[in-house]
Structure formats: structure tokens, C-alpha cells
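By letter and in written order, the chains are A, B and C; residue numbering begins at 1 in each of them.
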Amino acid sequence: MQLSFRGTQRLYRFLTAAVLVFAGIFALFPLVWTGLTSLKQNTDVITAEMQYLPHNPTLENYFELWSRKSFVTLFGNSVVITFMTVSLCLLVGTLAAYAFSRYRFTGRNAALVGFLLIRMFPMVLMLIPLFIIMRNLQLLNTRVGLALAYTTFLLPIATWMLKGFFDAIPPDLEDAARIDGATRAGAIVRVVLPLAAPGVAATAVLTAIAAWNEFLFALMFTTNEASQTWPVGLHLLVGEEFNLPWGLLSAGGMISIAPIIVFFVLAQKSLVRGLMQGAVKG
Amino acid sequence: MTATSVEERRSGLALLRSYWPAWLDVFGWVGRISETRYWAWLMLLPGFLLISVVIFYPVISGVWLSLHEYNLLRPARGQPFVGLQQFIDLLEDERFWLSLRNTAYFGVFNVLNPFTLGLVIALALKRAVRGAGLVRTLILMPWFMPSVVAGHMWALLLDSRLGVINDILVKLGLLESYWPWFARTETAMPAILLVGLWRGFPFFALLLLAGLQSISQEMYEAAAVDGANALSRFRHITIPLLLPVIVVAITLRTIAVVNSPDLMIILTGGGPGLATHVLSFYAFQTAYAAFDFGYAAALSVVMLGILIFFTLIYLRVAGVNRD
Amino acid sequence: MSKLTRRDFLKGSAAATAALAGNALPGAARLLAQDNPTVDYWHGFIAEFVHAGFEVVLEQFHQANPDITINPLTVPNSEFMTKFTTSVVGNAAPDTTMAAPTRIPDMVAIGGLQDISGRVSEAGLMDAIPAAHWDGATIDGAIYGVPSFMFVDWMYYRADWFEEAGLDPPTTWEAFTEAAIAMTDAENGRYGFGMRGGNGGQGFVTKVIEAFGSPIIDDMGQPAMDFDKAVAGLRWYTDLHTVHGAVPPSVANDSFRQLMEAFQTGQTAMLWHHTGSLAEMRTVLGEEGTFSTALRPQGPERQIASATPSYNGISMPGDGEADASWEWIKYWSEVDTQVNFLELTGYFPSSALVAEDERVQGNPLYAAALATVNEVGPPTRFPGSPGWERNVVLPNFQRVLLGEITPEDAVEIMMEGLEEAVSG
């Protein structure tokens, strides 16, 4: 049976809406539950009878978490480290990704895999050597040290992702710009980056999330409480031989997604919308 | 794209961009160097420098360790060279084979499930219906949550006493009583895969959507004029142009999934029994519970080999299709 | 590891200049190195109420020793050995650290703890703390840690349910089975015993096996498990679930959190833990009536329990901070500190003098701990024991609970693994 054009369109619209509604529910349900839990006291979480909506809603968990002075420090550390990591990854990653995407040279594949090697090797065996390197460079307990450590581990991801996006841009466009007199560097800035803007934004978001949530390095490479990060603080809410403070942990989860939402809303507006529209239509 | 369009001038960023060439000409050397044959190497240099600082020593020491016996609890023995003995031991180690099987199971589904869901969502978002922008932000939230919170919240959601998912299933009549998802061999891994799907699909959705948005709309329009239906446009335009991004996303995800024991550590501890005992978890326990760093290194080298093998295959797939 | 801060350095050089000018007292140069030492301390005081108690001790120590600065670091229990090992191998271990007796043999083997026997006897600490409480930190006659508080194993039970059923809490393993069955009403989601089958359950298994007469290792540190007795113990324990159904079906993933929640929401009637959880239990279930404490049951050979002191040790050789480090860890063994900590956290003291204190003797909840503490020692430990218990005992215990293998199979695997762990 042949559907009419309009019928097909309607079917697609329905399918699209259905997929998005499902995705929204699946993505959000655990978060809604986290939000609800963050408004409960522990005695309202650990109950024989399930409490869907908190019977005694309270913001106590948020206040308590924030009143621990270390948490403000941890939050600040994480913001700074994440910012440094993303900047470094994008800058260095763009250069390398462009080279990988546009040039064919001996050992290119080997170098690409080599870039990823650092992520392929299990973390278990990296910890001690990395610790020694960090100690010798006097980078333990510093934000720069953690940002550098994160960068080395996220750079391969950033590079690979950016390379993927650069690959998707037809080289013809660049060639056209160069015929018009642009240098190769000029063509990258004027043609490639604008076209790859959604990809660059996506890379920035993923790098930011990874840096923001990193836990193991932050724990291993710090030895005083002032240099720890937010995920370490959250992790320390969960002991093995103590009641788990569900409300506090949930409040921590809600607080920790807040800045990324802000970042993403900003990135969405300025990067994705602005740049992309110009680029795609150009 | 060569001439700045009127539309482009409207956005501030585009305006800024129009000044860049002038700025670059002031430091014209960047442009000039970019025309030389050293340019590719210069672009690669910063990345290589950064990575080589941290990579050579750990990887070389890891490979070296895999050929030596090194148990931290037996300092008197030192670190004698044992050749391939530890790899031979691996072949006879039942737990290794079991972990390898679990890793394959976990790896395949924890990559394919989120990929499929992410692709479907990215395609839906690309159609930009009303509210798509909101959904686009919302579906990324699972990825934002720190894994310690996400892990424990899922443990709570699926808890056999306090779990709301159990409660809903019971109320719907799908379950007779609360089910201990993580305590049963048959449901422990599927439950972990559910958490993995939730954590993982935003990554694919974001990446694939970005890839889709880079595909020029004109190609679809041209194809539509030629009479290609939706399915053939998907097959002949979307998939080939998206392939580089797909390959990258799957490669990165595979590596992350195979190497990370996070979910197991928080949710099951490798159990019940050995039902969720994967290689990354095995290596971690061997090193930091049993302190047998030599054997842990051998396990790690095997994992490294597996990942390199798959990465090379992915690269080949990407390469063959493009050239 | 302590770093010389810029300020310390300036202060130091000012003093050095003064010394050179001939204005300083004799010996100033030697004192310089120890002027305002900073001592790192790694600990696991994670729960808010315990951490608050720790802060108080810290403050009091600072008042008593104004020139010593403590740099505390909370390390999650699950990552402690990872971080500690990395730091020791990386040659940057903390000056002092908290250490559990089960971990001390490993920590000593990797070269992470110093022999402090000399300082202990010099300070006369052996008299203040019962000899048995040093066992957990003594290896081949050398002492590696000073006891602070301790965790004494006991059992929580629902006093209201037992009263309703007209039963007394069980005192032997046989009675325990009967009570667990009697308290079980699976239809209504009630079970007799909250068994730890998830992470941490391994320690209970070895205690059961020992209580059934099979040692784990002998005095020479060689494997000494008795197959039949170990099987008997493991069978009795796992039968509670596989045969009697007196344990919640989630057993194989039930860790401390799940067990506490089960007990607190009225799913289970009995729960094995130690004195460390009393404060939280009181907060949730109230002071009187709902729950009470009792001795862990007797096995055929001995009680299924141990008394586990927490120790503080010195890990770095120290750059002039060794004396300050010692002051800090010694402080934890003092009577005042321990009484204080007991009042703040409910953590049981290790000092003999404190155990005789009215606040301990007069509280009926502590009766079970007082009766146990003199009967049992620290849990079994040897270099490699945490790894063996975690990687071999736990998963195979779980497989028995799941019905995948028999207790005989499991004990056989455990004995092979033990052989490997001790000499492999």
C-alpha cells in the first residue's frame, strides 16, 4: 500500500514525537526520582511503604550539603579544572584532528591508534606510574596538575571526535577558499571550524562532562582536602559501613548537574544555533 | 561559503569571524607556515608532546611487568623475569575465560544498545519538531550525573526493598513481589546493561546528532528531487556521511566500556558469584586486592591487545568506505 | 608527606639568619627542622556523626600540641588500599594513617608501615591497653600500630518481635537456625536473618568456618583449613538461605547498606554487625524496645565473632616529623580521647581503663560487647588475606547461596586459593 505524501509525513511526525517522548521519560525518570529523593529525609526514603511524593518535603539536604565548607571549595576546584581541561583539549585537539583528517602520511593509522593507546591501557596499571610522574613534576595537589592529567586522557577522545567531524566536511569547500587566496590556516578558521561547529560544541560538552565527573585521578593525585574535587566529595558521602544518606547524595547529584545545564544552555544558544545555521546554509 | 553571506553577518560570531583573517595576516607567519610541508607535523606536535609525557612510561612499564613476576606482598622475591609464563597461566585460568566471556557480553550490548537508541533519538531530533530543543537538552542529563550518584541512584531504583521500579512493576501486576535484580545470576547483567544504556545513549545521541547536522540539507533535497524515498536517502546519504562519526563513537565507547569496572564496583562487585565479573574488574582486583601486579599487567596487556584489534578493524571499516 | 610551605620557609630562613647572627639559643638549628611540623593523617571517618567526633579530637589535640598541624584526609574505605599502595610505591605515603588489622599485614608487606615497638614500650603504652588488643598490629613480634577505638562484633535483634513470639535471642548456632526459621514469614516479606552475602560477607564466612573448628592458617602462617569442619560451617550458614529460606532472597547482593535498611524497615529479625553501627541504629529505631543487642551465637568450637581494634600507624620514615607523628597517634590511645570519642560517636574504646568506665559498664546495650571483647581476638589476617577473602571466598560463597555449587566444591576452591595466596 502506498501512503500519500501527507500520510507519510504525519506518520513520521507521530513516530518522531513517540521516540522523543519515550526518550524523555527514560532519561528523566531516574533524575526525577533523584530530585524527589533530595527533598526527603532519610527516614522517608528507608520505609516499608513506598513514598512517591515526599510526605515532609524539605530543602534541608541542600542546605546541609552546601553548609559543609569543603563542598564549596570542591565545587570551585571542579569548575576551574573543567574549564582548563576543555580549553586545552579543544585547542590541541583541533590541531591534531585536522592533521589526521586532511593529511595522509606514513604511520598515520599507527599514530591514530597510538593516540588512543592511552585510553586502551587499563587504568589499573597507569595509576602508579602516573602518580610518580605527577610527583616528579610537582603537580600533586594542584589544579593545573589535575587539568593536565585529564587533558592527556581526554585529548585522544577530543581528537578522534573532531577528526570524525572534520572528515564529514567535503574538502572541496576548503579548496574553494584557498583558490580565493586563503592560506590553509585561514581556511581552517574560516571554513572548517564553522562547518564543524556542532561537532566542536559536542566535543566541548563531552569533554566538560568527563572532566566534571572524573573521580579516580582526583582521589589519587590529591593529598589534602582543599585540592579535592566535587565528585570526590560526593563519593565521600557513601561509606561502606554506614547508612547511605540518600537525601544528601541526591541533593549532591542535583547540584552537580546544574552547572552543566547552564553551560549547555549557553553553548546551545551561541555555538549550536548561531554558528551552525550560518554554516549549514553557507 | 567563500563569500560571507548576508545571513551570516547577522550573528555576532560571524562578524568576529570576518575579522580573523585580518588578524591572521598580522601574524602572517601562521598562514605561511600552514602552506609548508611541516604544517601537518606542527599541528600534531602539541598533542604528541602532551600525550607522550604520560603514555610511554606507564605502557612500557606495564608491558615490562607482564613479563615479570611482581607481587607487592612478596618484596623478597623481587621482580624476576618469567617470560610469557603469566600469559600461559592466563590460558589455564578459568576465571580469565569467564571474565572474557562476560566482557564480550557486556561490551557488545553496552555499545550496541545505547548506539541504537542514540541513533533513533538523533534522527528524531534532526526532524526538529516543536519541543525538540528541550528534549535535546533533557536527554543529555543522564550523562551529566556523576557516576557515583548515578550508580547509587540506580541501585536505589532497582533495590529489592526500596526500589520504585519494583513497586511500579508490582502495582502493574508484572511482578508478584520485589525482585532482587542484582542478586540473581539471570538478571544481574541485564540490570547493569539497563543502567549502561541510560548512561550511554546521550553520548551517541549527542555525537550522532552533531554528525547529522553537519550533513548538508541540499543533498537530501537533491535526492528527493531525484525521487529517492526516505529509506534510500537514509541508506545512501545519511549512513555513508555519518559513518566516520559512527565509527569514532563506537570505538570510543568500546574502549570506555571494556576498560571501566565502575558499574560493577558500585552495583554488584562482580557478583553474584562471578556473573558480572569482567576483565577490567578482574585486573583491578588482582592488582589492588591481591597485589599481584605482574598478573594484573598480563591481564591488562591482553585487554590492550583486544582493544587495538577492534580499533584497527573499525579504522579499516571507516577507511574502506571513504576512499 | 609534608610540604614545606613558602611561609614556613620564610619563617625558617628568618630564624636561620637570626641563628647565624648569634642571637639564637643553642640547638636552634636542630629545632628548626621540627618547628611547626605538619603531619598528614589518612582516615575513614566518613559518616557525618563520626566525622564530627573526629573534628573534636583534632581540635583538642591542637590545643594540647599547638605547634603540630594535622593535615587530615578522608579516604573512602573501598579505595583506601588503592590510594595507599599507589602512594607507598610512589614514595609519597602519608606520615600517619588509620589501619584496620586485616589490612596491616598487607600494608607492612608492601613496606607501608614502620615498626614502632620501641616507641610503644618507651611510652609505657603496653600497660594501658590490654595485651590482646595489640595482636592485630603485631607481626613477628613487631608492633606497627597503636589501638584507638574498636569494633566489637555483636548481633542486633528485633526485641519487639522476639517478645511477641515469646523467644529469647539465640545463643548457639543450633538455636540460631531455629530462631531464624521461627521469625521467618516469607509470605509477608519477613525473614529471620539479614545475612551479608554481598561485599563484606567474606569476613563472616571465615568467622563461621573458624567457629566450626577449622582454622584458616596455623601459627606458622601456613594454610590449615580442615575440609570437613569448614564444609560443616559453610553448609550450616548457607542452609539458612538455600534450605530454610530464612534469609531475604536478595542475599547475594546484600551489603551493609541493604542489611541496615532491611532491619530498619522491618524485613529482618536478626542482623550481625559490630558496635560501630549502634549510634545510627539508635537514631533510626529509637532508644528502647524496638531493637536490642545480643552476643553473636556460639559455634561448635567458639563464638562467631571478633573484636577489631582500629589502629593508627606511621608510614613515612618522616623528615623530622616522626616525633610529631608519634604524638598524634599516641594521642588516640589516651583515656581522655577515647572517652570523648565514645561519647561523640559511640565507638567502643580499646583502653582497659575506659572499658571499666561507668558510661560503658552502666549501659545495658554494651553488655554484649563487654562479654565478647574478652573472649575473642581480632579477625584472621595474613599477608594476602583481604585478597583471598574478597576474590576467592566471597564469590564462591555467593555461588553456594545461588545453588550453583555445593559447600564441598566451595571449600575445595577456597583451600586451593588459600594455598595460592599463602605460598603461590
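Going forward, a residue touches a chain if its C-beta (ideal position, glycine included) is under 8 Å from a C-beta of that chain, and two chains touch if they have at least 3 such contacts.
Just so we're clear, the structure is a prediction, and the values are computed from it rather than from any experiment.
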Chain whose mean Cα position lies farthest from chain A: C
Dominant chain pairing [most C-beta pairs in contact]: A-B
Centre-to-centre distance between chain C and chain B (centres being mean Cα positions), rounded to whole Å: 38
Averaged-CA centre spacing for the pair chain B and chain A, given as whole angstrom: 12
Overlap residues in chain C, where contacts from two or more other chains coincide: 78, 82, 85, 89, 199, 255, 261, 265, 267
Touching two or more other chains - residue numbers and ranges from chain A: 46-47, 132, 235, 238, 244
Multi-chain contact sites of chain B, meaning residues that touch two or more partners: 162, 288
In the complex with chain C, residue positions of chain A that touch it: 43, 46-48, 127-128, 131-132, 135, 140, 216, 219-220, 223-225, 235-245
In the complex, chain A residues that touch chain B: 8, 12-13, 15-17, 19-20, 23-24, 26-28, 30-31, 33-34, 37, 45-47, 50, 52, 91-93, 95-96, 98-100, 102-103, 105, 109, 111-113, 115-126, 129-130, 132-133, 148-149, 151-152, 155-157, 159-161, 163-165, 167-169, 173, 176-177, 180, 182-186, 188-191, 194-196, 198-199, 201-202, 205-206, 209, 212-213, 215, 230-231, 234-235, 238, 244, 246, 249-250, 252-253, 256-257, 260-261, 264-265, 268, 270, 274-282
Footprint of chain A on chain C - complex, ascending: 1, 40, 44, 46-48, 50, 71-79, 82-83, 85-87, 89-92, 94, 199-200, 255-257, 260-261, 264-267, 276-277, 280, 284
Complex interface listing, chain B residues touching chain C: 72-75, 159-162, 177, 180, 182-185, 188, 265, 268-274, 277, 285-286, 288-291
Residue ranges of chain C touching chain B (in the complex, touch as defined): 78, 81-82, 85, 89, 106, 109-111, 189, 197-199, 248-255, 258, 261-262, 265, 267, 383-384, 386-388, 390-391, 394-396, 398-399, 401-402, 404, 421
